[in-house]
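Pasting the structures in now, so scroll down.
What follows is a pair of complexes built around subunit A, which joins subunit B in one and subunit C in the other.
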Partner chain A sequence: MRILEGTYPLKDRRLSLTVSQNLEFGETPTWLHLTGVNGLGKTSFIEKILIPALKDQKVPFLYLGQDFRTQLYTLKALLAVSGKDGVRNNIPGLLSQWVHQNHHARVFILDEFDKYPDHTRHIFKISRDFIRTYVAVSHLDKPMQPGAPFDARTLEFREISGEGPLLQVGIEESTPW
Partner chain B sequence: MSLPSLNHTLSQLGRSYLVVDVHCLFVAASLREEVWLYSQREEAELLAQVCQRAEAFRIRDVNPDRELVTYSGGEQAILACLLILVLIRALDLKQLQLLLCGVLESISHENRKLLCRHFRDAAETHGVGVHHMRDNQISELAFGSCAF
Partner chain C sequence: MVVIKLAFLTLVLAGFFGLFVFGPFYTHVELQLGVLFIVGMGSVWRTSGRETWRLIKFCLPFILTLLGFGILFHATHFLGREDWLQDSLIKVLIFPSSLIFLKLLLTFVTYLDILRLPIATARRVDLITFKAALSKGGRIMERFKWYLDTYQELTGQRTRGWVLRKYACLIIALYLYLYEEIENSRLVMENRMYILSQRTDRAP
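What follows is the complex of A and B.
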């Protein structure tokens, strides 16, 4: 997985995101924490930069968005269409089936999913054998991590300038913690 | 183990708490419409207070007519809380018990500290109680640390 350095104007989100250096994620198991104050484009980065890059590079991925409750209906429908409708009201079972069907994925994106601690633990447990990189937005003081052997890396979103029509935001990797 | 459901939460807790659920923060499309639903009239002063308070959270371009979905998820959570806090003061509501579901987890550390100060003020002036639900457990918010 590679994100090229550069400036990405996202006019519909009123943001301009500048990635200060090329970001590379290979086979080393990594947990990438996206952090920064509200409104600096973490979700926009995921949806407008990261996911298109993954698609371009043909890296299979899974994505649990901020509004999991809405996404849940999609997951139920997907599993029902594929004949797996026995777990409709059992969230862990449903997640297990969905993840199992996508065991070829190498990147798992979790946008504030640790607001559901039980489900986050479950996701780590059922996916850590094949996922190489977790990308997680979290505002918790102690974000939930998959643990060893996943190395923690942090991408920090910082406001550069609020002048002009687009909010200028810098994205850079900060010291691992 | 289940996903917290708003219907379930309301049926269990709605008589005791005003539930603020991150998955269902607003009914209307803009702050102006949201306030109109509460009061059935234009509330310019009230809207101005919400927008003014929002500036301290560095929410850009906040105005009563901006579509709520164009704010980030965390910004929406902050605006919902500010709207309730302003309403508490405007309507002089006493002893209201708030239950935050998934709200604090959506707000960055500095903004959370600032929001906690607003909640603490409401607790002191109007006896508001602030609770949050995590792992299906309800606990009272510690205004001092606001650690999460």
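What follows is the complex of A and C.
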């Protein structure tokens, strides 16, 4: 998984994200924490830069979005179409079925998913054997981590300048949290 | 008053279909193009450019298929007819303009209009729930499509079967969503009506 350094203007979100150095993940098990105040484009970074890059690089990934309650309808539908009993299952059961049928995935993106701590623990438990990189947005004082052997790395989002039509945001790796 | 308003909107709708879809101006391609433009502008004014573009995008697969067949049949003089291209062009213009026009007219029907309709309360609740579901369903579709595009199970191949699976998922997700939303909206509304009736009963 590689994100090249450079500036990524996201006009529809009124943001311009500047990645200060090439970001490479996947060699060692990593838990990558995206941090920064609200409105600086962490979700936009995931949805407009990271996921398209993963698709281009053909890296299989799983994504649980910030609006998980909305996404849940699509997961239920997906499992129903796959012949699984997803509609009637409870959430942990549904997540297990979905994760198990994606055991080839190498990246798991969790956008503020630790607002459901039990589900997050469950996700780590059932996916840590095959996932190489977790990418997580979290606003908890102590974000939930998968633990060893995953190295914690932090990607910090900082406002550079609010001038001009786009909010300028810098993204750089900081010392591990 | 509300009955007059709804009757007027129905008349306008009937007039549109009577003139441009089934009526004397059906075969006028230039006029149909103008109608699409005006209806599109009206939609941008009443809703937004984004919403209008979303509607056009929704029609695109149908439009392109129709146009493709029109060109093919025209080139091969299918069934000896020479007007395939003209006919497809008309339909390609009419389909989006009818859809956008219908949506445009519906924006003039408000929840207050429905509340003031002289019909049974249960029917009013049905109409309000239906309108709320339609409005929510339209907005949520894009997000559902976005999520489905992130699922490896649906993006591995671009075969027809895969595309059908994706659309099956979209329809099921939308159905589940609307089912729950309608149920929730109905519960909220029934609760409010219950509280209102309790207060009315207590009033001196």
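Basically, the second predicted complex is superposed on the first by the 174 of 177 C-alpha atoms of A that agree within 3 Å, B and C clash if a C-alpha of one lies under 4 Å from a C-alpha of the other, contacts with A are read in each partner's own complex, and residues count from 1 in each chain.
Keep in mind that, in the parts below, contacts are C-beta pairs under 8 Å (C-beta built on N, C-alpha and C of every residue); 3 or more make two chains touch, one makes a residue touch a chain.
Everything quoted here is computed from the prediction, not taken from an experiment.
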With the two structures overlaid on subunit A, would subunit B and subunit C clash, or do they fit side by side? fit
Between subunit B (first) and subunit C (second), which does A:D67 come into contact with in this model arrangement: first, second, both, or neither? both
Of the partners subunit B and subunit C, which touch A:I51 in the superposed model: first, second, both, neither? second
Looking at the overlay, does A:G36 come into contact with subunit B only (first), subunit C only (second), both, or neither? first
Look at A:S96 in the shared chain and tell me whether it touches subunit B only, subunit C only, both, or neither; answer first, second, both or neither. neither
For A:Q168, select first, second, both or neither according to whether it touches subunit B, subunit C, the two together, or no partner. neither
Figure out whether A:K76 sits in contact with subunit B (first) or subunit C (second), or with both, or with neither. second
For the three-chain arrangement built by superposition, which of subunit B and subunit C touches the greater number of subunit A residues? B
I'd like to know which partner A:T18 touches here: subunit B for first, subunit C for second, both or neither. neither
Pick one for A:K115: touches subunit B only (first), subunit C only (second), both, or neither. first
In the superposition on the shared chain, how near does any CA atom of subunit B get to one of subunit C? Answer in angstrom. 7
Quick check on the output: what are the common subunit A residues between the subunit B footprint and the subunit C footprint? 67, 70
Residue numbers of subunit A touching subunit B in their complex, please. 14, 35-39, 41-44, 66-70, 72, 91-92, 112, 114-119, 122, 138-141, 159, 162, 167
Touching subunit A in the complex: which residues of subunit C? 140, 143-144, 146-148, 150-155, 165, 168-174, 176-177
Can you check the complex and tell me which residues of subunit B touch subunit A? 1-6, 22-23, 57-61, 70-75, 77-78, 102, 104-112, 134-135, 147-148
Subunit C contact footprint on subunit A (complex, rising order): 47, 51, 55, 60-63, 65, 67, 70-71, 73-74, 76-78, 80-82, 87, 101-102, 104-105
